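What follows is a set of structures for review.
You will see chain A twice below: alongside chain B first, and alongside chain C after that.
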Partner chain A sequence: MSSMAAGPGVISLREITKAFPGVVANDRISLDIVSGQVHCLLGENGAGKSTLISILAGMQQPDSGTILVDGAPAPINSPKAAVDLGIGVVHQHSTLVPAFTVLENLMLGETGLVRNEKRAVARLEELSELLGARIDPKALAGDLGLGQQQQVEIAKAMWKGSRLLILDEPTSMLTPQAIEKLAESIAQIKARGLAVVFITHKLREAYQIGDCVTILRGGKNVGHIGAEQLASLSEAQAHSAILAAMFGEDITTPDAADLAGATEARREVDDWGGGAKSVRLQLSGVATHGHGHDTDIRNVSISVHEGEILGIAGIDGHGQSALAEVVAGQRSASAGSIRFDGEDIARRGVRARQKLGLRYVTDDRLYEGTVAGMSVAINLVLKRIGQAPFWKLGQINRKAVDAEADRLIGEYAIKTPSSATRAGTLSGGNIQKVLLARELTDGARFVVVNKPTYGLDLKTVKLVRQILTEFASSGGSVLLLSTDLDELVELSHRIAVISDGEIAGIVQNDGRGTAERVGQLMTGAIEGTHA
Partner chain B sequence: MSGLLSASVLAAFLTAILVQTMPLILAAIGETIGEQSGVLNLGIEGVMLVGAYSGYVAAVSSGSPWIGMLGGIAGGVVANLLLLVLNTWLGLNQIVIGLAITVMGEGLTSVLYLQNYSKHPLSVPGDSWAIAGLSDLPVVGPSIFRQSGIFWVLLLVMVAVAFLLARTNWGLSIRAAGQKPSSLDTAGGSVIKTRSSAVLLNGAFVGCGGAFLSILTTGTFTAFMTGGLGFVAIVITMLSRGKVSWIVITSLLYGIAVAIKNPLQLIGVSVPADVFQMLPFVVVMLTLILFARSSIVPPALGSPYTRGAR
Partner chain C sequence: MIEELPRFRRIADGLVRSILPVVLALVVAGLIIVAMGSNPLDFYAGVWKYGLTGSNWQDSLRLMAPLMIIALGLIVSFRGQLWNLGYNGTYLLGSVVASGFGPVLYPVLPGWIVTAILIVGSLLVGAIWAIVPAVLKARFGTNEIITSLVMSFIAIGVVNLLIKGPMHDTNPKVTAPQTATIPREDLLPFLAGTRVHVGIVIAIVLALVAQFVVSRTSFGVRLDVFGASPKAAQHVGISRSWMIILLFCVSGALIALAGSVDVLGNVTYQRANWNPAYGDAVMPFVFLARLSPLAAIPLVGFYSVFANGGINAARSVGLNSDFLLVVVGLILVFMTITEYVGNKRRLGQSYLPVGMKQSVMAIFGPRSSARPASGKVTT
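Our next item is the complex of A and B:
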């Protein structure tokens, strides 16, 4: 660990501990945040990054430990205290009010009765220069593209002239082009003498953007590489030092590098036969109609072949749910045809499609995907209710259900005390395994998966991806909807880009540069609709 | 002009519209402030009755309708303290608390009135401002320009509320608390303080509406006198999407439906009186059927806020 200096221009965390029921999220974490530096916090899901940020933002109080600002103790017991100290946070999930204009969002939290719009517009001008982006103050926040929303979030975090800017996983939903732009803004902000904390689980970004790196694992600070040290290490040396700290010794380096996004994601192009294989699912001109605030899809034509993984890239909320549900049969198509093995299934219901071998793993694992209060066993046969041998004459056959459950629990390595355990008590990763086990068993030939690894720990992520790859190589077809570009590039044979409910284009995944081409389609499409 | 639709009938008609509409506008404005901040006050019917009763008591014991209005406001605020403590501060369910307040308000005011005033009902002293020059005009003179001074003051208050909601930092906080309370919190504002102010103002306006009903519309208190007016106010609030101008327009529709009874009977439209009683509610239902699709309620309406909860 490098020297700890608590002086002017430094925000120091000392022995910060925060426990939640059953888990110590932060275990005596100490680190220094120095002005004019970008401090990267690395760690996988559940390592305690978000809790630490909540504490700095005043959203949570530490159980013990102190925070020193310029050497003096400064308790941060409310978000307001954080704002007053000049700590601005860009949270992972948007804190903009979609129904408000950009200006209204920025002025939120101001005091005094009458709104001073002139001053606010002037301040936005100032910040726009710094961010290198011009944002219409009268535009509704909900109408902005994701990259622009993030610019507004940064402007909001810096509104009161902050001294520390915290960015919580800011790149997770951005295109490669937008990430580059963000890196430029961060450099500008750093040059003004502000401290920046940059949180990520991708090593590549940490190395590119950070001046120093702190690695969290299991709630502990397990490694720090100071600024001089990081500058003196070669890229390869830095990588292996960080990887060792991130994963300990229980994982081999190439795997770890993959998981941590150290290398550029790339698919090993295997020979799946391409267009020679028969088309399993064919959507022609499919549209959906009306479903709350969800984006509908329009004129979607895609085909998925036998043994193929077709990725659907796009920013969250651009019609992915509508597409997934219209294929699964949970939503009816208002136009177009859906063919499965050449047969028109547009009028078939969920259960009929299920029987044909068309399955759906929802992204809403907790509510739509499982019945939290019921046992793992029941959840595993949930889609076969009433069918023999699990039900006989309307009566449940517990023995058959338990036998099937035990088989699937073994096959998919689901960690559960028993098959009678309530599904809601399992971890997110194991709930996802339950869903995959349920959908991929009993004659599955096609599966729609929506954000299959979102929010999971790295080892489960790897397992889920492996399950999908194996399913495809054994002849199954996958429609993979994801907001994680690296995941799409790693798994898909082809990647279609969905934007505002329409397919903006399809990219063959044939080696380098795929992510950039997909990114271009995403940004192109977005500028077309939102400019 | 036919004799039946004489100037005096028209003037009475206009007066009836104004006094019938005003309590509804006030209650809907109160409800709007609450809903915009994310607090749905289903107890509005009860709070209105409390305001009507306390306003009546204050007016007959002081002899001044002005003091009566203040009494109504105070009654409404006190009744809403329950919602403030149980829901805004402690996070209990708004629907349960709201219905409890409604039932309680109905029971409490009926019993108190029965106990104290039913044998010797007192009537509220009147109040009317003749606006110089305008009060002598035909039709509008004796109706609009001889209203109580309270009427004019309340008109000013309405404009003020519209301004506060749309143009001030306080209004912005109120709307943010109803749209996305976590945003307000992370921006350094206080969701609890913002919603508390909204709940208290909600009580003040709803109580004021009740007091207007007993003091100026009918001139007396009777048990259950609101007759569902509070719930109509909730409907109007949902349709008006936080806009005071919309509240006024939709409330006027209701007021006209109530007031049209007398002129229609005078012209001799031979329909049973029950039909006229029904008319306002038919209007409300028709409005709902036609416009309910465009009603948008704040996303955080009804959910208590806990910092850091996911």
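Our next item is the complex of A and C:
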């Protein structure tokens, strides 16, 4: 623990506790946020980072504990109170209104009767200078690249004059180049004497950007490295100190380092044999048209071979779901051909493709992938409704369903009280195991996986990646869509970059520098469209 | 995360949530009766007397037949989260098929053939009328609540036009806008020794079939997947458009069937501007039954007795029979409250809205205990 200095220029949390039904999200957490420092908050999913932020932002009230600002107790019992104290939060997901201009977005919180645009423009100029980024006040928020959108979010958080800026996993969607730019902005903000709380689960970033580090695990503050101490440690020493706190003893160091993003990502799958293997899935000139609001794909030509993992990199919302769904059969292709083992399957529906061995693990695990109100057993046979032996003459055969469910629960080590438990009560990791078990069983030969490890705890992340690589090495093919560049580099044989619905290029994943090349394709493509 | 309740607790919880709103509504209705200067005990005794005793139970069952079939029609669409509110118009369309064509066809064809034609005809008309909101929903995502309601208004108008025009009783002595009466011997047969027509048997059999379909067949699972999440349904390979059209058509067909069964078994002719609005009355009970066909049987049965006995009971204590709809409304209100409180309780939360407890405690509560003990959950 650090010395508990509750003087001026410090926001101190004391013994903050917050419980939800079944889980203590924050368990007597104490920490100090000092002005002019970047305070890194590290911890895996579910460690209590988000709860702590929402308490600081006034969106949740702690069950007990106090918050001191400049040494005086300051209850933050509403978001307005947080703003009045100068606490601004940049959330992980964009809160900008895409159809509004940058300026309109920034002025959303204004309370005056008449819009004072002149003052707003002046304030934006001030902030642009501080952030070192040019932001066009008249541009529509939806037209900006993700990095720029984030700069606008930061400007929005600091709009009312900030003393503390909280960034919730700001790097998770950014290219390596954009991350560097963000680091520069943070350095500028820090130089102005503001406090920054930087939340991440990547060690590398914590060391590079942070002045001091606090590690949360299971809702508890399990370690703190003060500013002087962190400065005196070498990167390697800092890593091992943080890892020990982050995982305790239940994970071996190289694995942990890998998962926590301490080391640079490297390809970890075996070679798949190259062009000698036959093509399993071939898309040529595929396009989709008009399905709601998300991006359609245009002229996509890719092929996935037997035993190959083809990664699809790209910023979220650039046509990944259209691509996944057109392969799975949930959307129809408006142009182009889809061949599976040489056979044209463009006209076949989801169920026909499922029977051919073409499977899809969706990223929307809760509302699309599972039915929360139904039992784990039904969810495990959801794609085989009406098929023998689970249904005979249209009537359910509960014994067969339960037997299959128990087999899959055992094989994939799904933690559930029983197969009759409702799927919605399982943890995120176990729901993902249900999906993988369902899709990879019964003759699977090709699987589309969309963001397979998003929001999972690190042990499950490792397990999911292992399941996918094993599936590939046994001859299965994987189309891996992910926004996590490290994950793509570790798992894929080749990585294609998708941008605005088109394939911007394909990178062979051999040796070092893949991430940078993919990043270049991503930024190149984006600047190409938004210049 | 929500904790799984043990089985008996879940059943008990379900029973409480189904019965408690009815009990509370009856208590509050009693208070209203007191306020209006009558004796509520007299009223409830009247409901018992006129609803069940003597041969009154037979009238209750005659009322229950259409109510139960409408309930099934609602359950079919509601289970798919499709809010088909066109029941009043659909019911009248079904009944006008029987009351309009019955008097014309019975004299020329054997009775059982005509009955079959009328029943199939009403099923078809109900299904076809439901196609419009279904296609609009499936193709353009139009809100089916509005389209089905509007189609219901149109249907009511069309039915009135038909009765005042081509389906008017050909007997020149009849000047009131109504159809000819179907003779007794052509109506649905009575159950042995009673005046209860076989419509109630049709209703109960349909309920049992529906229960089997939703609980045991693959279609039942598909329906529940679709109802729980259309996205999940698409993921599993269920066509959203076809599901919407199918459910709307089955729902419309059943509700129209209720109309023709009611005419052929009970009312025998149809007046213009007649609209019993059975669907409105049966709606809360469909939800109290948690959209289960089996559970709907006792609840709809209860309402049939209450409505049948209540008309005379209300008159005997000097109330208007509109009072029955007040009770139905009260049941809906208490059902909503019971659900809210029940869900809060299951989540282990306070019954008070978020923040209210804190604000109240900050003003009125003792200073020392204004903050709850650590670890205890409050919201």
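Couple of notes before you dig in:
Just so we're on the same page, the second predicted complex is superposed on the first by the 530 of 531 C-alpha atoms of A that agree within 3 Å, B and C clash if a C-alpha of one lies under 4 Å from a C-alpha of the other, contacts with A are read in each partner's own complex, and residues count from 1 in each chain.
The criterion applied here is as follows: a contact is a pair of C-beta atoms (placed from the backbone, for glycine too) under 8 Å apart; a residue touches a chain by one contact, two chains touch by 3 or more.
All values reported here derive from a predicted model rather than from experimental measurement.
After superposition on chain A, the partners chain B and chain C are accommodated together without colliding.
Aligning the two complexes via chain A yields an angle of 40° at the C-alpha centre of chain A, spanning the centres of chain B and chain C, rounded to a multiple of 10. In the superposed model, A:V279 lies in contact with neither chain B nor chain C. In the superposed model, A:A346 lies in contact with neither chain B nor chain C.
Contacts of A:V121 after superposition on the shared chain: neither chain B nor chain C is touched.
With both structures placed on the common chain, the touch criterion links A:G109 to chain B but leaves chain C unconnected.
Greater residue coverage of chain A by touch, when chain B is weighed against chain C, goes to C. By the touch criterion stated above, A:E368 is placed in contact with chain C alone, chain B being left untouched.
Of the two partner chains, neither chain B nor chain C is touched by A:A403. Once the two complexes are laid over each other on the shared chain, residue contacts for A:D63 go to chain C alone; chain B is not touched. For the three-chain overlay built from the shared chain A, the minimum Cα spacing from chain B to chain C equals 8 Å.
The residues of chain A shared by its contacts with chain B and with chain C come to none at all. Those residues of chain A that touch chain C in the complex are listed here as 17, 19-24, 28, 61, 63-65, 77, 328-330, 349-351, 354, 360, 362, 364, 367-374, 378, 382-383, 385-386, 391, 394-396, 417, 421-422, 424-425, 427. Listed in rising order, the residues of chain A touching chain B in the complex are 54, 57, 59-60, 78-80, 82-84, 89, 91, 95-100, 104-105, 107-115, 156.
Per the touch definition, chain C reaches chain A in the complex via residues 1-4, 216-219, 221-222, 224-225, 228-229, 231-232, 234-237, 239, 347-349, 355, 358, 371-378. Against chain A, the residues of chain B that register as touching in their complex are 167-170, 172-173, 175-176, 179-180, 182-190, 307-308.
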